[in-house]
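Accompanying notes for the structure given below.
Letters A, B, C, D, E and F mark the chains in the order given here, with residues in each chain numbered from 1 onward.
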Amino acid sequence: MSLANQRVAYFNGKIVPESEVLIPFRDRGVKYGDAVFDTTRTFGHKLFKVGEHIDRLYRSLRYLRIDPGLTPSEFGRITEEIAERNLPLIGKDEDYWVTQRVTRGIDASDRGAWPDHTGPTVIVETLPLPLKARAKLYRDGIEVVTPSVRRTAPDMISPRAKTHNYLNMVVADLEVVAQNPSALAVLLDTNGNLAEGKGSNIFIVREGVIYTPVERYVLPGISRETVFDLAKNMGIGLVEKDIDLFDAYTAEECFISSTSFCVCPVASVNGARIGDGKVPGPVTHRIMRAYVDFVGFDWVRQYLDQIDA
Amino acid sequence: MSLANQRVAYFNGKIVPESEVLIPFRDRGVKYGDAVFDTTRTFGHKLFKVGEHIDRLYRSLRYLRIDPGLTPSEFGRITEEIAERNLPLIGKDEDYWVTQRVTRGIDASDRGAWPDHTGPTVIVETLPLPLKARAKLYRDGIEVVTPSVRRTAPDMISPRAKTHNYLNMVVADLEVVAQNPSALAVLLDTNGNLAEGKGSNIFIVREGVIYTPVERYVLPGISRETVFDLAKNMGIGLVEKDIDLFDAYTAEECFISSTSFCVCPVASVNGARIGDGKVPGPVTHRIMRAYVDFVGFDWVRQYLDQIDA
Amino acid sequence: MSLANQRVAYFNGKIVPESEVLIPFRDRGVKYGDAVFDTTRTFGHKLFKVGEHIDRLYRSLRYLRIDPGLTPSEFGRITEEIAERNLPLIGKDEDYWVTQRVTRGIDASDRGAWPDHTGPTVIVETLPLPLKARAKLYRDGIEVVTPSVRRTAPDMISPRAKTHNYLNMVVADLEVVAQNPSALAVLLDTNGNLAEGKGSNIFIVREGVIYTPVERYVLPGISRETVFDLAKNMGIGLVEKDIDLFDAYTAEECFISSTSFCVCPVASVNGARIGDGKVPGPVTHRIMRAYVDFVGFDWVRQYLDQIDA
Amino acid sequence: MSLANQRVAYFNGKIVPESEVLIPFRDRGVKYGDAVFDTTRTFGHKLFKVGEHIDRLYRSLRYLRIDPGLTPSEFGRITEEIAERNLPLIGKDEDYWVTQRVTRGIDASDRGAWPDHTGPTVIVETLPLPLKARAKLYRDGIEVVTPSVRRTAPDMISPRAKTHNYLNMVVADLEVVAQNPSALAVLLDTNGNLAEGKGSNIFIVREGVIYTPVERYVLPGISRETVFDLAKNMGIGLVEKDIDLFDAYTAEECFISSTSFCVCPVASVNGARIGDGKVPGPVTHRIMRAYVDFVGFDWVRQYLDQIDA
Amino acid sequence: MSLANQRVAYFNGKIVPESEVLIPFRDRGVKYGDAVFDTTRTFGHKLFKVGEHIDRLYRSLRYLRIDPGLTPSEFGRITEEIAERNLPLIGKDEDYWVTQRVTRGIDASDRGAWPDHTGPTVIVETLPLPLKARAKLYRDGIEVVTPSVRRTAPDMISPRAKTHNYLNMVVADLEVVAQNPSALAVLLDTNGNLAEGKGSNIFIVREGVIYTPVERYVLPGISRETVFDLAKNMGIGLVEKDIDLFDAYTAEECFISSTSFCVCPVASVNGARIGDGKVPGPVTHRIMRAYVDFVGFDWVRQYLDQIDA
Amino acid sequence: MSLANQRVAYFNGKIVPESEVLIPFRDRGVKYGDAVFDTTRTFGHKLFKVGEHIDRLYRSLRYLRIDPGLTPSEFGRITEEIAERNLPLIGKDEDYWVTQRVTRGIDASDRGAWPDHTGPTVIVETLPLPLKARAKLYRDGIEVVTPSVRRTAPDMISPRAKTHNYLNMVVADLEVVAQNPSALAVLLDTNGNLAEGKGSNIFIVREGVIYTPVERYVLPGISRETVFDLAKNMGIGLVEKDIDLFDAYTAEECFISSTSFCVCPVASVNGARIGDGKVPGPVTHRIMRAYVDFVGFDWVRQYLDQIDA
């Protein structure tokens, strides 16, 4: 990628080419993962629920007592600007993740080489969605596998803050992917209930009602919340409760939600086919269609078009 | 600090001024804390147990399945060189932390602006010990406080790997320091036993025998191991077992060990004075003297000299 | 206090000066804390919800299989009488706690010196509320701190019975008060969720809805129930659910309820300021006003008047 | 019992008839069970291991941060004197429990009727052992039953402090005795291992080695420690470890130890006969004989003599 | 029983006398309990909710990934036929359990002596209800006792699948029945809440509302579901939630449901009398009457008639 | 297999062809898995440690309170006879599993068709070892995978009894084998430590010392015990302790033991190569050779010879 065509990012007050977003190794974000982030996406080059994502970013900041030095609305404006500046670099059929990141910065005692870096480190950046890599999942469904590693318990570090501490997810992924490279790891919580995958929430359907794990053990996804709203509008029951592998194996349908996936059907859990094996199931299909309508963009088509692209 | 006087660090194959050790924000070390490190120190400008620290670094790497692209002996040589290059920059009465860090690097899909960064990110760096800031603790003893947050459980992410995921420790510190800025947070494990503080192990003494938490719930410190060896040589019993707040409150002595602290007495746990309140207690004192002899350098004096410096 | 002016109490069938309420050291209430109690208060010298408190006393008795030898209505009448007899001893601007206590009495084998003491020990007594000591909390808000000690789990001894076994609370208080003498200890339950403080329930507010821990892990306060009723009447949502430190740190408001506090705003949890730091927040304020209206007495004013008294 | 023949007790600095040991109902020992105690016994009218019991009392005091206002040696002298004064009141074939108790006293705000009671409440007292009531257990063995209630977990309130908070034991006893009035409740700990009964430790024997639960979950009995010493002297292996119902049901022998029981064989656990059903088993028998020799008094005979007395 | 009068059963495609339903010892159903079952009953010789039971059977099959080789409707027809063939063998006042069982069959490597047994083993069978043995329970109420053994946790093997692995229940029963042969063991779940007895669900009533444990920890009984429907029809509140011994001891009424019991009042839990001790309590009585009406058969009378039969 | 060549088995007092060992479907062994078993093997047609296996069988029987109606020595004689009768049916290079099984028999109320079957059901039987199917594992090492399902906790049903309740293992296997048909499932215990696989114990080696999970969470294998003895004889340290995935991933070697496997090297755990990836590692190799010497038969050769057989 030539410098001329490089994406730009917001970095501590300036807009710079991505290659210049370089973090001092003594930043607590590097040393400790002492940082939070949040990510929205564009649909047909339009940003989705920026305000909701920034609100959640501030809850993560609050949990870690990090002062970002910006107001939510400043964050909103920066987010819009970065998206706008970078959108011309991708095709019409592509879209971006747009991400805010805030680290606690450099400890006073560590600032030797960066004496002026007294506040947090703030980044807003974009990344094209991996449409092609995921396209088949919309046709065939995701294979969910639960690793033996349990999701970090809320009395240790809350899964509800979206932070740069992802090793619990990383070791879970390593475990699962070593057996099945195309599987998605969804961790169980400390009680053995389904919790979440890296950046994704899980839902099952039984007798026409949708169930998803309670918020305490998972990051409350904005897409998850969108599913809540869509279900409500369509009169489909949706209940937050503890759900376990018995629920999953006997479910009629299963799907995951995430910022980038939006909603994607699950074909199997631990190799056990869900329902009759056809994806998406009818309720999942309705949610997906409503999601497409709600955002005014056919992201299902966007994904599927990449299968043989 | 002028560039001329700046410390240097090893960074992906080169030795550069610290200010040039800058990590692409898309490095997994930044985004996920997907990285490990290990830290030794110098005593009177001489490195301590480099081999043991590098062995532990490799166990952390192995746990996370990161290939550092260097052999242990290469790491040893780099460590020695970096220490040697930086020692002239500090006074005779000062010493360094010397640290190796390895991140998993940048995911293939994220390498846009850094197309050649295909391997791990490797750093070896030094930092002067905070002697003055800690000096009083050797005179007065540490105030240990146990936060309500529990140490991450081993079936989520093992505390025995020394990683860049420190938020569990960070939230514990925030909790404790908000009530008492001079206290040291020592977390309880998932069963309510004493575990560890950020980079420090805890020991108690009862009837002349030393007890310290079992390895499963804590990082097995090299200084902790040094204490094991010293105790053995002096014929002092030392037992690894689950110890809890009852043990701490009824202990005759208590101390912590860490790379930089070596051994430092604890004056109180949750405000309850340990033993008769004089620090260090007799067993702690013997361990401290033996430690000084073992490393051939009076680090106790080094700390205490800073009290009114 | 001269004997003439002494408060009286009900003690095993008689009304006597408090100084004569003396319990044989072999009473199981003394040896084992094998006893229950319940406490209401007066508002402007009028008793509050005596019936509800006595009902709860009987649930505690039932849990421990203690027969008090009195009917609930007898207990009610005694309570009224004791309050009436003692109210003349305090000022118009003061009020009482009024407490029933029942121990299991003396084991048959231990009755040597008290051969006739064959039944339970029953006390009904009063104590002036500590208005002055708490007054500032209504102006500044309470500083809540969560100790490392966990609230006793329900499969060991249920927190829902109000008994004379308070050591779990006592060790929690010792831990917290040693770091911050003005803080209120609120313990986490065995799963790491917020439970309760000594005699107080905790509530948070988020997006206008009030949340409070489920009954299983806490004493279901009569004031807590009063808050439920007031919220319902005002159309404010109130939900019992597991709430944790993430909830607390990201809450807009936080308050506690108790018989004597009624409702008192919380300013911070573990040093993290709640909301924008102004107390009481708007929802808390509405609940407090409604509580004042409901009891027909301005206890907020009563407390605040003591600040410089 | 006429006053002339009444036992005396130490009570806050004086020696008084037991009937005068009366505790103000506002004492924290009454209201909260905020008190500790320890109990030794006499063998043939001679006190046993007073020093060890007082040391343990001080560990309990330390855990609760109660200052008894007396030195251990003062406590020892008082204990001796109280025993001496009361021994003439019982027969040659009888013996005493001798107990120290310390409460935290009365809170400053509660001292209205007892203005001078500013320190702890201290009692030393005696009680004849229930020899007759237990005699058959030495012939037939104890029937141990494990209730569904779990022993209080150490991160709530440590079972290693001997306090006046016994409700966890009381509800366990109620559960067991309702089904079998002659059974002894031995609770399981929070992990489902055998813990302890009210004042008694449990041991099993397998292949000639004795096993008993680790100290963390139980009060470390002085009699338990005596068994340790006796086993060591006789070359019988004795190991502290987690033992569960599988261990109990497949044990060759089982026994309990306590101050008053010393050592008493267990005939069955949850109705499952231990070993071949003959009590005491050979290892238990050796321990019992060694215990008799060690204390120089045949307490087995003392108990058995009461069967038809 | 002469062969001529023997009940018949469906066994792998054939209807045979019960005595010919013999399972090869190498069948996984025998070796591992690797099998599921479900059981309905007749009321006045009419089958009850066959479809619901078969649906549940299929959820159990799905959980264990056993293919029964039959469709649900085939199972339904077989069930009807077996009931019909056997009903003439019992009196008018008697009724049957009718049970479907499916094992995974014989592993390929174990089929030596049964080379043709390549599929699952399928049985449908009947057994007369033990009316007489249970009759008194309807008059006096059940004595429920909670054993120390905990119900298997859902992240080990889900209690919601009805399988041939009953040892958790068996050891619980052994524990309880050894103390009280007429008691019913109801296990606590891994959190210490009430779970279920062997084939029975438990309910309590407080202030007119019925509570029963959540489905995650128990087999969701068809009779339990029937109680849900009846309560709803009568406008009686019924809530699924965690209930514990405090709830049980302070309940006004308690009852159990099961296929054969339908609804039977509980008189005591761990020896603590429920409510005022009269059975059935008013809410239980209403549910029982409604149940009788719903099935069109007075099973209460059927049981009670057996008391002196 | 013709009847003439069929293996025989002991079945309730008689020796019969295997095809006649058929269990009434009402046997509790079938309905509930209410049965225990134990299995030894032959080495070069000689039985191994029959006495130890039968002793363990009796501990399992004792745990479940099943009376087998035979003495251990009678069981021993039957075992020998059955082995002897069946050995001629296999080749010199083959060997047998020899298994005792005891069910609790048929409940009195269920004996209709089998009125005389009043005692337990007892079987002793043989099965050729699956040498060929496992041969490659000795060359390549086993791939161990830990499922998300946890091993049944000891306070639910003890893993130390060898029973017919294997569904916990079965669901674990289903989970693992769906991702990798050649992997061996080794479950974690309720604390997240390594426990055991179906019939196999696991060991790791670090710095020349062997570690294996403590007995409480696993069946104490006779082969495991044999490894203990061999290690002791060779002066190799062997320690029972909690070991977790960190231990496994950083181990130098790993192996499993079982009756049929004896000792077999593990190549990887969750896809992470153990040590340098060569199997067997040096310590494992020494144990294997010592095992071969101890039993006087080269079972390694026996397995390896089958690779291309």
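Keep this in mind: a contact is a pair of C-beta atoms (placed from the backbone, for glycine too) under 8 Å apart; a residue touches a chain by one contact, two chains touch by 3 or more.
Values in this document were obtained by computation on a predicted structure and should not be read as measured data.
**Student:** Give me the chains shared as neighbours by subunit E and subunit F.
**Tutor:** Both-contact set = A, D.
**Student:** B-C versus A-C: which interface comes out with more C-beta contact pairs?
**Tutor:** Of B-C and A-C, more C-beta pairs in contact link B-C.
**Student:** So which of B-C, A-B or B-D matches E-F, with over half of the contact pairs the same residue numbers?
**Tutor:** When the residue numbers line up for over half the pairs, the pair is A-B.
**Student:** Which one of the chains is farthest from subunit F, going by Cα centres?
**Tutor:** Chain centre farthest from subunit F's centre: C.
**Student:** Which integer distance in Å separates the CA centroid of subunit C from that of subunit D?
**Tutor:** The answer is 33 Å.
**Student:** Report the inter-chain centroid distance for subunit D and subunit E in whole angstrom, where each centroid is the mean of the CA atoms.
**Tutor:** Centres of subunit D and subunit E (C-alpha means) sit 45 Å apart.
**Student:** Residues of subunit E that touch two or more other chains: which are they?
**Tutor:** 63, 65, 148-150, 153, 155, 174, 188, 192, 245, 272
**Student:** Give the pairs of chains that touch; include all such pairs.
**Tutor:** All chain pairs meeting the touch criterion are A-B, A-C, A-E, A-F, B-C, B-D, B-F, C-D, C-E, D-E, D-F, E-F.
**Student:** Which of the residues in subunit E end up touching subunit D in this complex?
**Tutor:** For subunit E paired with subunit D, touching residues are 145-150, 174-176, 178-180, 183, 188, 192, 245, 270-272.
**Student:** For the complex, which residues does subunit F have touching subunit D?
**Tutor:** So the residues of subunit F in touch with subunit D come to 59, 62-63, 65, 153-155, 158, 160-161, 216.
**Student:** Report the residues of subunit C in contact with subunit D in the complex, numbered from low to high.
**Tutor:** Interface residues on subunit C, with respect to subunit D: 1, 6-7, 9, 11, 17-19, 21-26, 29-35, 37, 63-65, 101, 109-110, 112-115, 123, 125, 127, 130, 133, 148-153, 155-157, 163-171, 174, 190.
**Student:** Mind listing the subunit F positions that touch subunit B in their complex?
**Tutor:** Going by the criterion above, the answer is residues 188, 191-193, 242, 244-246, 249-250, 272.
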